[in-house]
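Input: one structure, supplied below.
Chains: A, B, C, D, E, F and G, in written order; residue numbering restarts at 1 for each.
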């Protein structure tokens, strides 16, 4: 999930969400960065309104401790 | 929220969650890092089982991926 | 099920949802295509707002399956 | 989402879930296929028991999808 | 949590939410005040509409939240 | 609500919840302290298990926490 | 002047009693006047014993009480000294004293001719009384009663007398037979003086539940603020982590990010969409068997 977190950090700091920046964040955290995943992530997020997608998570009521995992 | 995301990246990559590492991740993303907030986060997370906190969140519906991509 | 997925792919790529396109997708996946089912599906979807129908599924908890790290 | 749909079509038709097959399905539907996403998806699904993932999702009461199951 | 309560008291009494005032409240309650946490709190609340942030339910994942002090 | 916050601070710092301490906290925050309210609060909280109330508040999504006095 | 003259004329025992009461008034943080009318002396003894350690009750002649109050600069309480009263002193605060006194009240039977202090209700249920004339008494008293399953039953909660009305002989008998004690007997606080303020009983009645609710709401509000302002505390750090991971997951699923952590969810989402679409399709023939209703 670190790739997605990296994207979210860049989104918060307002930096461009590109392969270089993502790679830099991941490497700074000591991750073995796979180029293709970075590429795929950038592609997947290309037309996505991150703000909105994240807001959707917040909209979900904080359900009870269903099942637990 | 970038501070929290940074903590989660470190958790995923297995790096130690300390002030230096958090600062490094945040700086790599171009953030103006406030030392006090980094400190406060590290302190607050001291006794938290991150695995568990994340798992609990996962047990809650991850929210509407409405609209499709 | 593959017929319906094929329809969903075409919906996403924005291609016309017609018998030829559906058949092409199914055949590319190695399916034995039944012409009558393709016809029935195309006809049935004519009056369906796929966007809307699919959006409803967004409310479905993505949970359950999670757990993994 | 078309990448995921394509993977599920292949799963249904019993074809191997590899990059070539995924690409073929997507191209047949007129998609601009990004190699990196195909790669990432194949890797992501490697350890996933699709049957089980679907079954588990189905076990969760379907939110908005009123009526039918 | 006492830091947050202290902020809320100041908010209610209409006093300025700065490091000095926060420290004064915390000390009056016999707390060992950590300067960095006070700083972090002031920083975190800088652009926050407290009224709103208090009223808005935080997405709470399952009970777990208890415990800690 | 500042009276209640003051009580919660004392609860967190482990100080005794008495009139003097409550008054000190409130005055440190610049509040005009009404002695009778302090008295009433102390008396009322004698019968409230704050620990339990805190835990309960944590379990229940915070909803429209506002309102209060 | 006149007070001086009085001082001279009262007998020594009264002088001592007044001094004694003044001493008591001076030794407590809060002092109040309580109504003790209608409390049998044995019960009063019990109450005094029960209060021991938290409050002291003192009974004396009203004239002496008033004199003592005046000498202790507590004239403000004198208006409450009438009828059968006592003085109560405590180091608890007035709210606490009120609570203690309320809690010490005990139920007592009510007799014919007395005025109901509150609504009197005969609850639904089996009276345990064998069929007989009692059913008529119950009905006469205003209760919905009849004979069922071999005994007299009250078929619904019946308010047989409203507050302020007089208890009839029939009702008094019925209540006695049923063991219903509608009165609350105890020390009734008329007023308390503490730190320069006189509190009336109405002011002292606190709703503990409301305070408890306020505590919960304050805690919830603080937690909301902590999470929404992203100021992590030991209590909210877990919530923030959960929130952040939930956001990542939502984004991942929304954007169909091909991550091993999301693969299950993406497959589940596709399946859910498939089923949702199937529901929107009327023609069964167009659907595979698995998706038909």
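Odds and ends about this structure:
We take it that a contact is a pair of C-beta atoms (placed from the backbone, for glycine too) under 8 Å apart; a residue touches a chain by one contact, two chains touch by 3 or more.
Remember, it's a predicted structure, so these values are computed and weren't measured experimentally.
When the C-beta pairs in contact are tallied for D-G and for E-F, the bigger tally goes to E-F. For chain C, the chain whose average C-alpha position is most distant is G.
Spacing of chain B relative to chain E, judged by their CA centroids, is 20 angstrom. Chain A and chain B have CA centres that are 12 Å apart. Inter-chain spacing, taken between the CA centroids of chain A and chain G, is 52 Å. A separation of 46 Å divides the Cα centre of chain B from that of chain G. Residue positions 1, 5, 8, 40-41, 44, 54-55, 57-69 of chain E each touch two or more of the other chains. Looking at chain G, residues 218, 220-224, 230-231, 233-239, 242-250, 253-256, 258-262, 264-265, 267-270, 272-276, 278-279, 291 sit in touch with two or more other chains. Every residue of chain D that touches chain C in the complex is listed here, in rising order: 1-2, 5-6, 8-10, 12-15, 21, 24-31, 53, 56-57, 59-60, 62-66. Chain E contributes residues 1, 3-5, 7-8, 40-41, 44-45, 48, 50, 52-62, 64-69 to its touches with chain G in the complex.
Looking at the complex, you find that chain G touches chain A at residues 243-252, 254-259, 261-262. Within the complex, the chain G residues that touch chain E are 218, 220-231, 233-239, 242-243, 246.
Contact residues of chain D toward chain A in the complex are 34-37, 39-41, 43.
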